[in-house]
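The first chain written gets the first letter, and so on, giving A, B, C and D; residue counts start at 1 in each chain.
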Amino acid sequence: MMKKRKLFFLLLIIVVIVIGFSIGPARKKARQHVNYMTAVDDHPLNCLSCHLYTQRSGFLAKMINASYLSPYNLAVAPNGEKLFVVAQEGNALLTIDTKTNRVVDKIAVGTQPHTVLISKDGTRAFVSNEWDDTVYIIDLGTSEITDTIKTGNGPAGMVLCNNETTLYVVNSFSNEISIFDLNTKKERKRLVAGNNPVGAALSPDGKQIYISSRRILPHKYRTPISIEITVIDTKTERVTERKILNDAYLSENVSFTPEGDLAIATLIRPKNLIPSIQVEQGFMMTYGIAVMETKKNGRIVQLLTDQPNSYCSDPFDIVITPDGKKAFVSSSGADIITVIDLTKVRKLLAESSSEQLKQYANNLGVSSKYVIKRISTGANPKGMKASPDGKYIYVAERLNDKISVINTETLDIERTIDLGGPKRITVARKGRRLFNNAGHTFQKQYACYTCHPDVGEDGLVYNMAGVGMGRNVTNTQTLRDIGDIAPYKWNGHNQSVYKQDGMRFSTFLTRTEPFAYDDLDALVAYIITGIKNPPNLRYNPTGKLTDAQERGKKIFYRTHTNDGKEIPPHNRCYTCHPPPDFTNKRLEDVGSLAETDDTIKFDTPQLNNLFNAGPYLHDGRAQTLEEIWTTYDHGDYHGVTSDMTKDQLNDMIEYLKSLRDAKFYENVNVEEEVKKYNAK
Amino acid sequence: MKLKKQIVIIGLFVAAVFVGGYITSCSNMPANGTIVFTRVPVANIDVEKAIPHLFKGANLQAVNRMGKSGEGENLTPGFYSACSPQVSYDAKHILFLGQKTETDLWQVWELNIKDKSTRQITNCKMSCNSVCYLPGDRIAFSKKVTDKKTGITSNALFTINMDGTKLQQITFHPHNDFISTVLKDGRILINSRQVYPKKGKVKYLAMRPNGTKAELFYADNSAAIYGQCVNEANKLIYFTEQNPTTKKTDVAEVSYNRPLHSKINYTENIQGNFYWALPLSAEKMIVSYQSPDSKNVGLWNFLQSEKKISEPIYNDAKFDCFEPVCVKPFQRPKKLPNDIVMAQTSGLFLCTNINFTETGTTQATKIEILGLEKSLGTVDMEKDGSVFLSVVADTPVRIQTLDNENNVVSGPSEWIWVRPFERRGCIGCHENHELVPQNIVPLAINKSAVIIPVDSTNSKKGSEITKVSEMK
Amino acid sequence: MDSLKQNRMKGVNLIIIVLLSFGLFGFSPGKRDTVSKKNKNSIPDTGEMPVYGNWKTFTKKDGLPADKIYCVRVDGDRVLVGTSNGMAVYENGTWKTYSVKDGLAHKGVLSIDVSEITGDVWIGTLGGLTRWSSGSFHTFTQLNSGLPNDIIYSVICDGKDVWVATGGGAGHYDTYSDQWDIYMERNAPMHEPWTYGVCAGDSKIFIAAWGGGVIEFNTKTKKFRDYVDPDEQMELDVFPDDGVVHDITTGVSYAKGILWVGTYFGLSWYDGAHWKSYFDHDSGLLSNFINYLKADGNVAWMCTDKGLSSFNGKTWVSYQKNETGKTGKIIVTKGPRIAEGAKTKEVAATSSICHNFVLGIDFNDNEIWVATSKGLCRGEKIK
Amino acid sequence: MKHKYQALFFFLFLLFSVFVVSAQEKKTNYGNTPDEVIPYGGFHKAYIDFFDKPQPFTGAGREKPEPAGLKEIRIGYLGPLEGSVMVPQGIQMLQGAQLAVEEANKKGGYKGIPFKIMEHNDVGLWGAAANKVVAMNDEHVWAFLGSIDDINTHVALRMTLKLEIPMVNSGDPDPTLTETRIPWMIRVIGDDRQSCYALSEYIYKVKKLKRVAVLRVDNRYGRVGIKEFREAARRMNHPLVLEIRYAEGDTTFTPQIQRIIDSEPDAVLLWGNAKETALALKQMRKMGMNAPVFGSDRLMSPEFLKIAGKDAEGVVTTCQYNPNLDNPKLKAFQKNYKKRFGMDSDVFAAHAYDGMNIIIDAIKKAGLNRAKIRDVLTDMKTFQGYEGVAGKIIFDASWNDIGAIWMTEVRNGEFHFFPTPPFTSGKVACNN
């Protein structure tokens, strides 16, 4: 009875609200509210945009959202009869019969699986679970997980070698390669890779492994960037070479020609050091490949896949046909597969001077010499594999839950395999597609994803050319888990994601037509609801702090310096960085103002998961957390740290690295923590 | 509590569906596929003189594509002359240039297809001579302008609201600019030809509708561009051009993706001259064609794959047929945002390396900025070859590079200008237009921009634009 | 604690008495027998002790970036040399120098070690710690990382762990977890965080602490213990063999269960139960001033300011350059100490180490590389 | 455990007593140590004395030719200039050095090339002093003067052997500083050993006090500084009744003082910086603790007098020099210093002046070669007995300055200087 009455009242309230909003003065209020949140005066007065699609939990959230599969990488059985697809969101390994094009098996794997390998005899699958720090060994006969191997942080690409007795796993978050003895399932050693390594490829002779990496190597502030391709000798199990790809980043994958003479990696060539004053003439981003001669002192040539007015954004995978004649690059932000004629690439390499080869890296026209086709696909093509006979290329359309099958002769999509994900496209899914697609920038030069790979940040410092050209350089910020931490932007000018991605965004960043409002709704819904951080398995897997972290926490909450002086409240760590988000959501001055900054105060950034979010500070001048205080805080503006001993600073940083998602700190009472950690 | 909140939201959702349904209503589409073209009493065509295409005594003629030759309807019966039809994106209106009487100036008019009514949009003191719809509520057109100081006459582009208000000039160089079309990326494609200091070749420039970032789109020194250009599905641009030696005009195509190096001539093996091309599909197009034995230019179907003229659509010996357009809704180009600030009096210009040229590197140490009348000063480059200028807005300048002894190393360049608060960059001087900048911090931007014209009494470097503005 | 010391003292008693007795009877510990002319060039029997000769010297003239060589490390077929002006690498008979412009933290290279697991070279400089991995340099400094201090007196690799001795404490870097620990006066038994040398062995890390003797860290239990000079006096040593000879230690090396400790005041030997002290006046040790020492199997090599001494607990073999020319001498002392009947013989050598101020040493099967104040030299095993 | 070995020790003592006694008559003990307080001196001759003769430097470097074309002769200065309570002392030290350099430059510098001080602040992040020595090496200094703080001086010293830079210390009285055997540093100021011996002699022998409680700062200065006093007290058969610590920067000392009162001392020895010791003294007097108070050299400062006020009366401290001596050199220095810097010179300025003059002299004598400069500084001849403005410098074999120091007593709000009492050779009173 009570329940019914409650419900009745509720409905009554709703009706009153609806009527009120439609006609009465409430409409004016609603208009004002929407205008404020969107920073425009013509956004439709649709409450649902913000209040329904951005629901993050509960019944409604479940109703409006759907669980997609999101195929990411795949493998083909040695006999070509089966296809194994890693469903990144579905946390599953899907088996597809390539004759019937049907999903015949679905094996649950760990969280956010990354890569699948199939043993030569086709009996075992190896799946790296990027957010679980494990590799599953799966018996494909019984579909059972026979072994779980503990890896480093963020296992991604893998290679089987030495007669499949050795497994190399790329630990993408902890920047290493783990080498496992598959007989004992024990880790033999770890080698240092580049920054955020991901893709791995074994040379045809089995002697070398190349590993691509995404984030840039440490470098002097505001100087040209580079990434590393790590070369490992499988006999000595040591890194033999660190190939440097200059002016590039986000190299997702690498592949060898069947002859083994060339290794080709995908890459992006960003223009972060140039003022972002225009998009025309490739002033923001270009995309391409690095062709590496594998012989000693071999050349490294970077070739673009773009054209002067059209860009192939966000290349992900590269597959070379078994005959070595063609390479396929999945341009995941442009929804195309770029087909490269390797014979023509070889010819170009043979007939070009070294000066010419250097220039090709910045030449949008040269792709016509070797790109023979651009094949349109479904949304967000990611991993690819060639069938053993070389007749087909299978493409995982991540945001389409489908596998497209390209005929390598006709270079057309011959058929599409539906993986059986939800048929409807939710608002957040639409937003995710928009996020990943470059269609909303001028000449499709870049997607949101380009600078925010995996919705995080790309670790680059951009010259956003706010006023003039050399001013206001800014460090890319993560978009993960930012629903509760408005305002946005380093200068805190944006009170909502709506405003952030609104008109000014299009005027000065995408430089094309702004998002249509329903697109904007979708994008906002995705950003607000859809994005999780990877678990902080590296520094805080269980929530129990290490001794050093615990000591560091004490420093974080301290109210007095080592010599007993009281630290003014505004200068304590927890004042501006209180849990759960470790931000007070206000603008603060931590003495980081540069001569080139227009704003004096900066939005206090959240500290959750900051351990791999370098560089730090608004303009990214601090390459490491240490540098924030050792190099860029003269005068204790950024908290009082000058009295700290080195080990105390180390401890504090260990604590900061331990910070996980905000949800773990929702019930933390700051007062109590302060009391607890300042007790004598 | 959570449940409560969710029920409120469901209620709101239901309400919104109702409101939405009320607001949305469908409208009728106009007849699809009608071809409208400029019908001109036969005259000798001189390609050079045919730009601008103000055809005396012409009218807009509508024909059914499948209909017979010679039939059709005069859409501009009340005009002495009418030409340059442009169909709106919703295919409800046609923009055209017209004069009611022989002595009237040519103005921009709009025709309502449904009721054939017309309304005048511009009221210029000079004849308008090319026109197009812009995404949004404005149109662009061109007309003659004369520089007050130098007396140089050229043809500039303007934009204006559909109601004839807020006229704005958007090109500022001594060129004869005519609108060709609006690219799907939102930029205006301009048929542009330098008139000062000497006459140049016709080139296609692409430029944002607010007059910023004008850059070379297509040029071919071996041919004079002629004819209106159209694009289809954002990929291919068609136009006609004249071979300077044989004087034969052909239909050519370039790819939008790489216009400078993708030209295909479709008609070089067909005798006769082609003056216009209107692609209808990947297979078919309509061309304005005059066979060697014909006295007039007719509208013909053309099969691209076979490179073959098929049957005529409209071929009347008394008339030449130009400027065919198809009345059917089409994808609106992007509406590009406007980043200029009219309150400013200058814009910024960055060259990342003045010694970077198409032919290799040069050894210049500074640049000289040339105005229409005189030099606006010289500026030393930074070590890396970069220069950073604050140039008075809406004023044409050319740049040449100099060595230490003030000898010209390279240049002068094409005329360029910046709009108020425009920030634009170039990679080098006379650089290969397909090159992108090297990712380094140009040293010049670490200092304030040098104000152009350089104040000879005070060589100190000036300040940048000071208006605080956000970036995203 | 006390009872422990007592036990040790018992063993020491006899030695002291014997030693002092010799002193009383006028035995001159500094005096050495010189080999008679006729068998001048025959090296006396050294037992298991190897003897090196055929010295070849490398200096700036040969391609080294400086003559002052701080350290040397043999890495397979190549030799890594830390100098005051960069790191030189000797490979295939040629020298190549790496310095700041290549990515080295500082030109002054004090210490080098190579990770057995990864082959990465860890370079301790005067301005930070540099990892040189397959051609790429990465530098850790006290400003950009958890490194305690930028002056790296000693660096060693122990499995996945890298240890450094610095003036700001002993730093431990876990290459897997990317985490730094600093051990200093507040969390380890030291008075000051000044550490000078570090070595590893048998799941233990030994740290030579300047003024703090030797600190032992058990990597399994994470527990510390310290070894200090029992007499607590800086200016003298009351009893030999009662513990580490001086609290100011300059180097530690551990091999075959023996910990060798170098100081500027003499040499200490520790087998886990007993300490022994060796001084220049009572043994074959060339000088009490030990810049560096390194044990290789049973043999410890002491780099002193008066030449190079090697000792396996039984026999001393020392190498000294003559004041002029390129010749030198090999000094063989049979027996650990004069008090224990040690007898010394000198043999003239046609070649010698390049300078007597020895700063570093490393070896491979048949070669020994010696870093000195003026040049680097290589000796071949001749016995 | 020790008594178990007394029989042995006694035996050894008998064996050696003859030699020991005869040796004492001929030369000064290491560190000017009174016989009575020689470690283990009561019953056992050490197996080895480390500082019986100077440690030679046998490394290369003397062969390096003098560089040509120098525009300035750089000499390093390492001291507290920013971010430390010792900055006033650091500035005095710098000014003393500057005065020496300016005077030398007036006389033509080095062969007409002026000397130049390269200033380095030794206060900074973690072990900065050593890093500053590296920086000085990169600047090609020929020698450097430094520092005051014992930790900073020690870490700097460690670099001198690696980099082979001569170092002259004029401000750190830490006894262990000269006990490392690094043959690249000399000290030209009396160390805390001298202070401890003087105080112990004065307290126990002159004043005949027996029960001494120590209140000291809990840092290296307090710990190492007091060590020799503690050991001397023990060897004089008057072990400390209490040694209690306070943290640097403390302002209240009530618990410590209460414990001192409870220990019923005859005298209190304060070892710390002027400010804290002055505050402690005031509070002590307030709490009714009226025993005589003695203090380390850092109490000898205007700051101490200012804070302690009347309570300072009667406090006896040591001082490494006597500013009131009627020494024309000293008077001239004091006059010139005041004229140049507008303030009175203090103990750090005077010793820095001497230290810098020694460096300049050494460079002039040895030429531009660090090893040779070192040789001159350490040869125990050139500067042995050097008459500086702060007194006569006498080096022992560790290059520690064991020349005379002074004592002061506060009377009528002023420090009155008097010589340290001569060491009386008391009977061996205990066996350790």
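As a working rule, contacts are C-beta pairs under 8 Å (C-beta built on N, C-alpha and C of every residue); 3 or more make two chains touch, one makes a residue touch a chain.
If you're wondering where the values come from, they're calculated on a predicted model, not measured in any experiment.
Central chain by Cα centroid: A, whose mean Cα position is closest to the mean of all protein Cα atoms.
Centroid distances from chain D, each centroid being the mean of CA atoms, peak for B. Note on chain placement: the centre of chain A and the centre of chain D lie 61 Å apart, centres being C-alpha means.
Between chain A and chain C, the centres computed from C-alpha atoms are 49 Å apart. Each chain gets a centre from the mean of its Cα atoms; for chain B and chain C, those two points are 79 Å apart. Rounded to whole angstrom units, the spacing between the C-alpha centres of chain C and chain D is 32. Among all residues of chain D, those that touch two or more other chains are 125-126. Touching two or more other chains at once are residues 142-143, 148-149, 168 of chain C. Across the assembly, chain A contributes 630, 645-646 as residues in contact with two or more other chains.
By the contact rule set out at the top, the touching chain pairs are A-B, A-C, A-D, C-D.
For chain C in complex with chain D, the residues that touch the partner chain are 2, 5-6, 9, 13, 16, 19-20, 24, 67-68, 70, 106, 108, 110, 126-127, 142-143, 148-151, 153, 166-168, 191-194, 196, 210-211, 231, 233-240, 246, 248, 264-266, 279, 281, 288-289, 305-306, 355-357, 372-374. Residues of chain B that touch chain A in their complex: 2-4, 6-13, 15-16, 19-20, 135, 185-186, 213, 215, 255-262, 334-339, 348, 350, 352, 388, 423-427, 432-442, 445-449, 464-472.
Across the interface of their complex, chain D is touched by residues 563-565, 630, 642, 645-646 of chain A.
Across the complex, chain A meets chain C through its residues 152, 174, 176, 189-192, 217-218, 228, 231, 236, 238-242, 244, 538, 548, 623-624, 626-627, 630-631, 645-647, 650, 653-654.
Those residues of chain D that touch chain A in the shared complex are 83, 125-126, 247-250.
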